[in-house]
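These are the structures, in structure tokens.
Both of the next two complexes hold chain A, though its partner changes from chain B to chain C.
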Partner chain A sequence: MTSTPEMPVLDIKNYSLDYETANGTFHALKGINLSISRGEILGLVGESGSGKTSLAWSIMRYLSKNARETSGEILLGAKNLLTMSDAEVEAMRGQRISMVFQDPSTSLNPTLSLGTQLSEVLVRHRGLTRKQAWAEGEAMLAHVGLKTPADMMRRMPHEASGGEKQRVVIASAFACNPECIIFDEPTTALDVITSRQILDLFVELQAETGVASLYISHDLALVSRTASRVAVIRRGEIVEQGPVQDIFANPREAYTRELCAAVPNPSRRLVADGVTKTEGEPLVRVENVSVHYGRKPLLASLTGKAFTRVKGNNAVTLSVNEGEILGIVGESGSGKSTLAKAMTGLNPFEGKIWFDGRPITGLSDMDTAYRKDVQIIFQHPDASLNPRHKIGEILSRPLKLYGDGSNIAQQVGDMLEKVRLPRTHADRYPHQLSGGEKQRVAIARAFASKPRLVICDEITSALDVSVQASIVELLLDLQKAGNTAYLFITHDLNLIRQIAHRIAVMYRGDLIEIAPATEIDSPERADYTRRLIAAVPLPAGSQV
Partner chain B sequence: MIEFLKRLLRTPQGAIGLFVVVLVLLIVIFGPMLAPNDPEKMAPLARYKAPSLTYLLGTDQYGRDIFSRLLIGARATVVMAVLATIIGTLVGALIGTTSAFLGGRADEFIMRTVDAVMSIPSLLFALLVVNLLGSSTVNALVAVAIAFAPGMARITRSVALSVRKQDYVNAAMARGESSAFIIRREMLPNVVAPIIVEMTIRISFAIMLFATLSFLGLGAQPPAAEWGLMVSEARRYMHLSAGILIWPSVAIAIASIGFNLLGDGLRDALNPRT
Partner chain C sequence: MSPNYLLKRLLMIFYTLFVVSLIVFAITQVLPADAAVMMLGEHATPEALDALRQTMGLNAPVWVQYGHWLWALLQGDFGTSLRTGQPIGPAMFSALGRSLLLAFLSIGLMLILAIPLGIIAAIRRGKVADIVVSLISYLGVALPEFVTATVAVLLLADWLKWLPPTGYVSPTEDFFGAIAHLILPVCVISVILIAHVSRMVRSELVDVLHTDYIRAARLKGMSRGTVLRRHALRNALLPTITIVALDVGYLLGGVIVVEEIFAIPGIGRELIVAIQARDLPVIQAGVLIMAATYSIVNFIADMLYAVLDKRIQYD
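So, the complex of A and B:
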């Protein structure tokens, strides 16, 4: 914004970046113009592969060997970063620009204590002695809201939770009062409630220090809450930039409009309510199902030593009606996927599952008829499709197992068309498809046997928001066509409030409660549910 | 395929390894046609000859042409080594993948057994097998194959363990596929890359192991032109003509190094991260 009287802290002018690859030159960034002033948060929003992280690395001057900077300059104050010597760059990093990474568990060195890593920065850039740096580090940890800073300094990274670690990373980013901090998806790897706390901390520290911040994210709802200005990037080009309200209230570019529309919004329900009244038996009833991990060591059983197994699920009871979408939400480690695996026979479990009036007590009860009716779709299509099999072969397996094995090629083509993919994709390998296309193939595979219950385990969380929207649309169409019931596992509350009939909330292996989706935000809900709902940023456009 | 060859040729190890291996394979195929003399024709008057135009690498203690013997012996030496390695690899890969798939106690049992077998040095193990079965070419092949299987099982298992956790294996299990199908069609194709690398390196071990067995008189029998046997026979006459000993040794060394380099090159070429 040229209206700010002072000079911008970081000014990127007409910056372009290419990567030399075996298949020719890839234009990662094209003519980028961005500037951040003191005390400003600029949100950079884009889908995967749009060049967000490339831009972050070129500001930090840490580019891979095959990168070519073809034009432009990056000004920090008055200094052009592109012409800096290696020694200058080293002095600049941490001192004038620092960075907070996505995953605190990989950005901290697991073999050094948190205190050592934090004081290292202070010794290096502020010339403090070890002792001074340690004391200063403690003060900083107190400042980022850690309860026992002295204790925390001595801990190793694995002894701290994800949220605590990210606080330490943030403390070390702010350690030398830099002029500019780059945040690369700092909350993506964290749980909903923790990420809200980290976000609050970030906003607080930012207001206090007035540091110029570049906040990179794929989450529009999140950016609309934190940033004052937003730049939307697509395939290496800035599509649109401006104040948050303008961008989200009346986007000028078609792409921005598309992006905004794709963000799940709980006030825009996608399913009709009340279609699934509980008349008679539910399709599936999970009764007191518990899952434990770990096997009793042979030695322990011989010596009679007590052995406690890790609990995955703790006596979960729920039911899904014919044609109903039941959402399951919870933080990571709450036992959502464990339940899905138990229901598909991938985990041994205790308790009972009633399916269509038939009791299932273990793996041996899961015969072909059960497996035909209950299908599962996994989170990462890259992992759930065998990279060495062609799509046609992947899709033909369920046909051979459950259906009639005749005329496979014809049936595979029909399946592909059902998930809106061209028939010719049958001859391709998974790696030749995009992420969204791969997930469509996984969906087609699950629907090949005309199942009555499909378990969707975080199936959209690895996808971009616009792809997610189209996948959800496809799922809802398939659901209407076949009256299939879904068990939809996700951590995205906004999404599940859009599509589920009822929502089950899980926490550390326990089922907290089940409530109709429309009443999930009512004040009568359990304490944990209310905290969860409060922590989720509402998308732009539905601001309070 | 073209792309893969390009990647392979980009590293010096890959390029040299591929060149040597192709050369060795050409000799295996066309060697007998190229040989200028009959490898088993004795010439009492032409013993211990130095290299000349008629005898390119000289003659041995019976006046046989060393060059021709090497060309023909390539078939016995290299083909045997490759065959033994392939059999050992297949057996090992199947054991390793099955063990990783079964997991739990079965995995422990299989792998500890494999460990026990592995603790015997492969040469000693091969000697044991040959002694039990009697010395012949086929038995030497079986011995080397069995000696190689445990090592391959170990390597395959470590790769298969990570494949086992992939969702496509979970998906197959949730679909109700049979264990045999999952091991054969879902898991094995995804562990081949490291196995191929390990196999090429092991071929060179096998060449040397066969040479050693023949040298000890437990593999090929005279008058076969097997390289190891040639070294073994030359031992007593080396003070009369060093060439009898040196040339087959050089041939063994070149073939081994060639396969080893190719293995190194393949390791880099099959790894998409380099």
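So, the complex of A and C:
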């Protein structure tokens, strides 16, 4: 049963998986050959829909009813998982193979304490009593770097931060000393600095236990820094696999090369520097803008009790020049989107915004002219495009509102072409488009009024890396064509270092500093900025 | 849950009851009923009527009458029935007691049946069991109480003679007799409630079973049964509390039909009699007591929710 040093822990041989769907058979995995040895980290890289998660479910024996395994075997040691009984599978899960999930806030039961969820694994697989398991769980939480393990055991999931929760999930994955652990994008849902800490923890525990690890990710830069071998998967097929250095230094397959090229790399700047040095007034100047959330509770206002409101933005001052791309970075909750909402009138704010020399102090000052000049694009095109309107209708709204209203159909077609979509897409509904196409429609809508400032709020973070690259390319072309200024909000530091002229760093509602993109990694930067930069893995082989 | 919030909710209950009292009083003012005529009969002399109006304060402005009524109410005095001449309070509360007994027994029976049915339907989704449960629930929703009640009486009381057809026996006097008399009405009411709650439990559980944390628990090696018991049910059953609390509203109103059919002297039946007799003080008191019961039950449901789900923090 146990594997010898020369024998891989997990060996997938010519494995194929189909899904029977209403539209016929979908080949999710085709002839997969992969193996992971003890002490090894195999990175599995692919875009959404490539089959990387399907493979994880196959290994965990968690397949939906319409799944058909058409060929191959998955060997754990000498045992073929495909022939295991349900009882054997249940005994295997969590004990011999365990899994760490993407989002700790959804993978933990919200109504059970963290301790209960950790210790139940120990009770199940190691036959401990509840009391023993609780004590053991406490020791484990200490081991994964939680400062107050006894307290953490008793906490409910909503009382812990994302990083703390992911540490608990990791502790339960390592709880029974499994032979193999599958990590399914374990840091994607976390903030930059937290995800770096989780990654460091993973590397440390992996080295300590020597567990064979399958690290699934869409983030090539991250995988290139953690894995020893990488497999690139595309449409259910392994395109290429080998040692990290080989894959990233000289990829053999065209797809791998494309993928590597699409990864944001700060050393490859995509904009020309120094063109935006304009004399005189900047296009927009945000002056001491503060945003507060929350309302005074009834009783507090009756009794005159002091009440502290939640701070969204704290006296933020910054400016954007004509044709400039200003990046705004920061962790979630740092006030990036709050600022965007204040500037578009979606949030009430205190302070002043100067736009083209005109003072704006509130929603009432944001007239049609201002709205025409300042447009916003949101993160999820699914949520920002009306699912019941055709693309043509969606795009004709700003044209009627801001344009002369003549020849709408012609103009809609032109707009679609401008964002490199076929004119015929005007007759489609949003759900008939891919994620990248939908975001192009959202971009077209924002550009319909020929704005001077476009606020991009995390517009590429829901997209695959190759789609992101094409969207960014489109945005830069549009920017050059119209000399439009961008306020580009993102948490992807590598991306923003490629495309922004200047970068503003925010932290808990405060603006920490603004620096030219090329100098963001200089040692003179503020403490927080340096921590942020240090936390982001650069793609292998890149030097800045 | 802060004391702040508790106080706020209690204030809200009083506010609700105040508004209800205004509405009730306003409605009874426009009803074509004269309390004096009611008491003395249609053949009373105008002089006698006038004298009575004077003593009852019926000639005073409406707001003065409302003030008097409310003031007495706050002191626990619900007034006197025009029909019987008895104080309303004790009669109403013992009727409410009988209605609540019926309601809670029905809710109890419903919970015992509806939750397992909902769970079975959710686990065997799309299978025969699910379809059967759905069918039962739809039947329960589709058939009005008077149909199910009539069928039940015909079948079990009239033909089989297993149970008494109508009437009410106090459980303190004759316990088994009381139970025999309660079985039919409780079953009729439960059928309708079962439909609501089993559908609710089913859809909540289906949702919960598709969450990431259920998958995570299964992939930790927990068995199907453990995952269902420990991880899924708690989360799936929480929203049922709200539904049950809302159903109490239905019970207080909808139970009138059932009380009428089975001749149970509950608060619904009291109200019907009062409406037929244009017994204004009884109508006012009855509606107010129902509104108060409903508010309090919903308040308890909200509190229970916060106790069971630690994430909910009212402030």
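One rule holds for everything that comes next: the second predicted complex is superposed on the first by the 529 of 544 C-alpha atoms of A that agree within 3 Å, B and C clash if a C-alpha of one lies under 4 Å from a C-alpha of the other, contacts with A are read in each partner's own complex, and residues count from 1 in each chain.
Here, contacts are C-beta pairs under 8 Å (C-beta built on N, C-alpha and C of every residue); 3 or more make two chains touch, one makes a residue touch a chain.
All values reported here derive from a predicted model rather than from experimental measurement.
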Superposition on chain A - do chain B and chain C clash or fit: fit
Partner chain(s) touched by A:172 [first = chain B, second = chain C, both, neither]: second
Touching partner for A:521 - first (chain B), second (chain C), both, neither: neither
Touching partner for A:124 - first (chain B), second (chain C), both, neither: second
Chain B versus chain C as contact partner of A:388, first or second or both or neither: first
Chain B versus chain C as contact partner of A:91, first or second or both or neither: second
Contacts of A:356 with chain B and chain C, given as first, second, both or neither: neither
Contacts of A:513 with chain B and chain C, given as first, second, both or neither: neither
Inter-chain angle, chain B to chain C through the CA centre of chain A, in degrees rounded to a multiple of 10: 30
Contacts of A:368 with chain B and chain C, given as first, second, both or neither: first
After superposition on chain A, the shortest CA separation from chain B to chain C (Å): 6
Those residues of chain A which chain B touches in one complex and chain C touches in the other: 298
Residues on chain A engaged by chain C in the complex (per definition of touch): 60, 62, 90-95, 98-99, 101, 103, 106-112, 117, 120-121, 124-125, 156, 158, 169, 172, 297-300
Complex contacts: residues of chain B adjacent to chain A: 3, 104-105, 166-168, 170-177, 185-186, 189-190
Chain C residues touching chain A - in the complex, by the definition given at the top: 4, 7-8, 211-223, 226, 230-231, 234-235, 238, 308-311, 315
Residue ranges of chain A touching chain B (in the complex, touch as defined): 22, 295, 298, 341, 344-346, 366, 368, 371, 375-376, 378-380, 383-389, 397-398, 401, 442, 445
